[in-house]
Amino acid sequence: RRQGLPEVVYGPGKTAEQVVGIVRGLLAANTGPVLATRIEPATAATVLDAVPDGTYDERARLLCWRPAPVRAVRLVVVTAGTSDGPVAAEAAAVATAIGLDVTKVEDVGVAGLHRLLRVRPVLADADCVIVVAGMEGALASAVGGLVAAPVIAVPTSTGYGAALEGVTALLAMLSSCAAGLTVVNIDSGFAAAMAAHRLAMKIEPARKP
Amino acid sequence: RRQGLPEVVYGPGKTAEQVVGIVRGLLAANTGPVLATRIEPATAATVLDAVPDGTYDERARLLCWRPAPVRAVRLVVVTAGTSDGPVAAEAAAVATAIGLDVTKVEDVGVAGLHRLLRVRPVLADADCVIVVAGMEGALASAVGGLVAAPVIAVPTSTGYGAALEGVTALLAMLSSCAAGLTVVNIDSGFAAAMAAHRLAMKIEPARKP
Amino acid sequence: RRQGLPEVVYGPGKTAEQVVGIVRGLLAANTGPVLATRIEPATAATVLDAVPDGTYDERARLLCWRPAPVRAVRLVVVTAGTSDGPVAAEAAAVATAIGLDVTKVEDVGVAGLHRLLRVRPVLADADCVIVVAGMEGALASAVGGLVAAPVIAVPTSTGYGAALEGVTALLAMLSSCAAGLTVVNIDSGFAAAMAAHRLAMKIEPARKP
Amino acid sequence: RRQGLPEVVYGPGKTAEQVVGIVRGLLAANTGPVLATRIEPATAATVLDAVPDGTYDERARLLCWRPAPVRAVRLVVVTAGTSDGPVAAEAAAVATAIGLDVTKVEDVGVAGLHRLLRVRPVLADADCVIVVAGMEGALASAVGGLVAAPVIAVPTSTGYGAALEGVTALLAMLSSCAAGLTVVNIDSGFAAAMAAHRLAMKIEPARKP
Amino acid sequence: RRQGLPEVVYGPGKTAEQVVGIVRGLLAANTGPVLATRIEPATAATVLDAVPDGTYDERARLLCWRPAPVRAVRLVVVTAGTSDGPVAAEAAAVATAIGLDVTKVEDVGVAGLHRLLRVRPVLADADCVIVVAGMEGALASAVGGLVAAPVIAVPTSTGYGAALEGVTALLAMLSSCAAGLTVVNIDSGFAAAMAAHRLAMKIEPARKP
Amino acid sequence: RRQGLPEVVYGPGKTAEQVVGIVRGLLAANTGPVLATRIEPATAATVLDAVPDGTYDERARLLCWRPAPVRAVRLVVVTAGTSDGPVAAEAAAVATAIGLDVTKVEDVGVAGLHRLLRVRPVLADADCVIVVAGMEGALASAVGGLVAAPVIAVPTSTGYGAALEGVTALLAMLSSCAAGLTVVNIDSGFAAAMAAHRLAMKIEPARKP
Amino acid sequence: RRQGLPEVVYGPGKTAEQVVGIVRGLLAANTGPVLATRIEPATAATVLDAVPDGTYDERARLLCWRPAPVRAVRLVVVTAGTSDGPVAAEAAAVATAIGLDVTKVEDVGVAGLHRLLRVRPVLADADCVIVVAGMEGALASAVGGLVAAPVIAVPTSTGYGAALEGVTALLAMLSSCAAGLTVVNIDSGFAAAMAAHRLAMKIEPARKP
Amino acid sequence: RRQGLPEVVYGPGKTAEQVVGIVRGLLAANTGPVLATRIEPATAATVLDAVPDGTYDERARLLCWRPAPVRAVRLVVVTAGTSDGPVAAEAAAVATAIGLDVTKVEDVGVAGLHRLLRVRPVLADADCVIVVAGMEGALASAVGGLVAAPVIAVPTSTGYGAALEGVTALLAMLSSCAAGLTVVNIDSGFAAAMAAHRLAMKIEPARKP
């Protein structure tokens, strides 16, 4: 595997047959987890038939073989509303598949601060927080102000009009007044999970006695 | 005055002499307040010399003659940091000059939610709230979720890079998940005060016995 | 209900079953109106079957249960042409459902000023005016110059080419030379109605003897 | 002269010496008017010293030699406010120099429709109308709805924030609901005058007995 | 009819029944031509069944009743390639329906200057030229340099990538180095024809003895 | 200090006197490092006179009091050319001031891959890598492919034309094919250092015996 | 043929019948290769039935008649991943059809520099290199730094979010720090092949003894 | 020298002392030409004092030491107007310094096609053509249609309003209907010259017996 990161197949534009071929190759060449992202249900069924022992998470659109055992690195994935759910699901499913200890916190938007404040203990416990938010993306700033841990913000393309298919949330997160937030591409739960994995590879060995 | 709104001179692109001429005309034609916005200090000094009984608010860059007496409509102007100060000052000074009862709340950004929650009683008491915020503009969403009163959001051009000179805050406020926020142009403390004035003209007579 | 505003379900991305579940929860938890916006006809039929006593406004794409009784706050919804109709319908239907006294004024574009001037008495009577306009959005400036009441402008995504799916109308309304206009997101009849509701909550108690 | 249009020197980026040289060449090669646009006062003074019998219009920043006699084609240049004045001045000065019979109508914005309606007789008399407007550019739509003559809209870069240095007015004019408006580049009073000139060359000979 | 322009129904978003109703109303209220633009073939068939004596131009997607007799004003519609054909067809069909004497010139792009130069006599004869061009829109500059008549440029949304759905051609035409070009909205053959009609109404009476 | 992060004063828009006041307050209220970013040399001199024991890094434009002792967390700051130097200097100086063990690697652009490959051992040793790059920002992708550690990309506003003042590098970094890169705002060496600090606070205690 | 370049039919917006007609005309009028680009499989089948002796490359969506014999000019087409494949296929197929000696190099992205360095001998041998890359387009910079030959970069619309349908790769390639890269339109394998052909027409005769 | 290209110092952001240091290093390390671009006159004077035997081209803002002897590769640099002159000067001066045989053709815009057609023999003789054009950039399409040689288009930032500081010309050139044009960054005469140099290195040896 390149530099310790799992090889992940990107589904769009590939036929089920192409995915089968690449996945088989990766399973043979490595011993760790093998993933395929953004796979539609019909494609997933065909691929799982051809390559045994995999699982499919429909909400996350993720295929997974040989998931990693859970490591002692706590990731919290926070999201504001139901519409950002699929992106949060991708982040959580990819992170779980590569061995992070994932907790999901849902329905905590900035328009209802008390719900956000109630989950503060869960956030305080995290080694890393992924914030998934669309529309104005303000949740990232609020979480960034509550925790000292690394915060990875994922803008989503939910919303309409001035939300500009995620560009507004992206720009807002990059301009956040909460210091030290980092940002990944629009709708990329995958990228956020991989960024968390890079952190985990540094934190985990440090913890080992 | 057109439709009950004060006539206000827009300073940029006008010489001190032009401002003097227009202000004199308005003072003669009406009996209410006369304002000039975005006036630089040197111009202000010249104009005040030529047209007596005016005052100049340097932070707000506002000239004012014949301010209105305070009316029973409470406006709160909220801002996150010192860099948004001049725009908040313009909103507050214009609103005061046209008779609103203005309270300023400063330094309450979303990256420090407890300071924002501490001022909740002040917000709860408002007939109208103006939120002035740059960068990602998230403060508008948080305030919009805390109060039931009309909230007018003013994006500012503070920040750099992805803040896009206020465009990011503007788009974020328009995309806010807090229902029923309204938005005015970037850096327009003036427009927000005028929008509050339109509200006040409806609320105040309703209150009179 | 959060801060006195009605909870409103946002339809896109939710199955009929999910809408049913959320609406049932809200009806049980509150006593006021419950709404669901942007609901397609087929979904609406399924939801109405499952949750009795609701109504569906197809043009507005709005589901409503327990509408509020009409309050003494007059809202006028103005629109220029037939293509902006669905957005105006959403604004009017949401506002009616939450108790505003709504009048609709249609087919009064700036390219035919005399029709607009003919409706001036209706506008003069309003506590609040919502202007729904696409293309260049000039109607908002014209109405803003005719009335002293609060004016909430809703840009729509009608038009083609340089209309940029509503962005042009949005920018034009924010840049309007009519002082004190406020603006909400593109196509958001819902947001405009909620902004009017915030205002109504301030006017109505003041009017009560 | 190329295809019957006057040769006009574009000033920016040229030294006074370069302008002198080009103007001398054009005066020698042709017999009609010679113009230089966007010339700053200091440059203008130097050029006028070197090339006799010219005039300089400071507001329009236009140098002119051998203006054409007035032709029987009536052009009206309409503008909303003082800040659009320099662009309107350029349109009027260029048009006058090339022989159009120009009337200026000022201070008629859409936020004050009655002033606009008062000048309707002047507009009705025009062979061509140039509308110069910044901010949201709504004046072009209103004028386009009032007259049947050709209307040429010039967006200006006045305004701030969402006015986007004239781009908003440009897009709004192109999206106008008034049928058959045409548009030229931002701040280009020159282009509008030249477009009027193209029209005049068709109308005038037709009128001659 | 408003200010002498024909009333034209804009098809998108209207059912065949709605179009029938509006067209019947306009035929009854006026005596001149009645048009409906952007009508799909199926809708057109239904409408023509219900409202007799109309014609449908499928390429132009135009319905027409009571076309005007041909007037002595020559319009040339120029286009570079087959992909801009439908927009040129709309311009020509609308212009013909309202009485202009239309000539079409096709397949003369700037990448083949000799074909363009060959049609110069046709262009020289025009009272007005409409240039329809997509991609980089350079044809408008070339034609603008060849003729002294009014030139109306219509950018089209043909092309891909950097053509940005017509925005590139629009910006290029507005920035053209050919003086006095005017521009209408992307793909709006209709707007160009209406602009030509405004010109024709000035040129034609001037010609009459 | 809020959530364990150092309080840092943002210089732009503040007078030397304001900076002095805020820094004094922070030095009195906390015991850790106190920083002020984006301070021009003249302001820095005045502030250092008034508040003893500080240092000024002119390239980084950073004022610092009470720097933290070096911690066992290795940060590498990589940059391609001399023009990105000031942003890299800010990242390195802020990170050093808050206790990270910083190594700088310069002049390793993707147009000269061998220089980049030569520094691979230094990169392999890092706990975290900050990549500062302007123009097309490709260096971030190349580094992201070489190391497994967390990579924080900082786009800079160097370059011209299509570099769009850093927006191109920003978008490119967000779209990078190297999995798990994270990105901060344009020119924000500060944000990158703070993101590294959040990570360090997780790694360091884990490492302590 | 115009200036020595092959005439190529652009498929989109044309019916199979139109393509047949144009291709027949070109085959009759010239003796060299005739191509049609962006042809869907169904259209291709119909056209090949009607016009004998052609071939269809489905991946490249290219129809070809009378391909040119291979000339002594070596073109290498480089691409990073499978998703950019169709654009690379178009570049290679068009170039082959017009007589270039084409080698394809695949799966060499900047996130895996060693694979890129392994193909250096192939690149060193090229007379011209076409780099096809989407997302952040960094591959063009890396190749531009490795070879002295002309490099033509083709941005592709693969990727999502911040990739902005190819605009990010386009801007990045134009801003590349590798000196002397040139760029063509997004997804235009065709344009790149034609640019290579222009070069080949200069190299080849020079090589002939 | 990297891959056969001359090393060129990029002036902006460097002090005269820094330029002196880098140039001395390059002169010592190589034997070929050494250039420094975008150097202001004052800096140039200082550098030439310190590093003997250099020359400065003020219009091109180029410093050059050890220019290459002229090679048998003909480059023509075409430009439309005087305002694009500095960029054309940079292209010509850099190309001359690295040994190309440069001819300049000026003042041939598309609005005057006959002047362009008159220079056709010069263009026909070129091994490579660089077209420098601002505003709508249409000259590149016209030249691309006239010659079969490689054409490199350089958009410039001249013009105003819709010219968008060169972005319009850039997009127009990329969208050109002339097949096989390639494009470099806005205002980058340097990049165009380097692209021509890459071509020359292939053409020249092919020519040698």
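Points worth noting:
We call the chains A, B, C, D, E, F, G and H, going by the order they appear; numbering starts again at 1 in every chain.
By our rule, a residue touches a chain if its C-beta (ideal position, glycine included) is under 8 Å from a C-beta of that chain, and two chains touch if they have at least 3 such contacts.
Here is each chain with its UniProt name: A, B, C, D, E, F, G, H = PurE domain-containing protein.
None of the values given here were measured: they were computed from a predicted structure.
Think of each touching pair as a link: the shortest run of links from subunit B to subunit E has 2 of them. Of all residue numbers seen at the subunit B-subunit C contact, over half occur in both copies; the interface is built from largely matching residues.
When the contact pairs of D-H are matched by residue number across E-G, B-C or D-E, over half of them reappear in E-G.
Note: centroid distance subunit E to subunit H, computed from Cα atoms, is 41 Å. Inter-chain spacing, taken between the CA centroids of subunit A and subunit F, is 26 Å. Chain geometry summary: the mean Cα position of subunit D and that of subunit G are 47 Å apart. Between the CA-based centres of subunit B and subunit D the separation comes to 36 Å, rounded to the whole angstrom. Residues of subunit G found to touch two or more other chains are 2, 111-112, 145-146, 161-163, 170, 174-175, 179, 185-186. This structure has the following touching chain pairs: A-B, A-C, A-F, A-G, B-C, B-D, B-F, C-D, C-E, D-E, D-H, E-G, E-H, F-G, F-H, G-H.
By the touch rule above, subunit F contacts subunit B in their complex via residues 2, 10, 12-14, 18, 155, 157, 166, 170, 185-188.
On subunit G, the positions that touch subunit H within their shared complex are 2-5, 8, 127-128, 145-152, 170, 174-175, 179-186, 190-191, 193-199, 201-204, 206-207. Put simply, subunit F touches subunit G in their complex at residues 80-81, 109-113, 116-117, 135-138, 141-142, 144-146, 159, 161-164, 167-179. Contacts from subunit C toward subunit E in the complex involve residues 82-83, 111-112, 158, 160-163.
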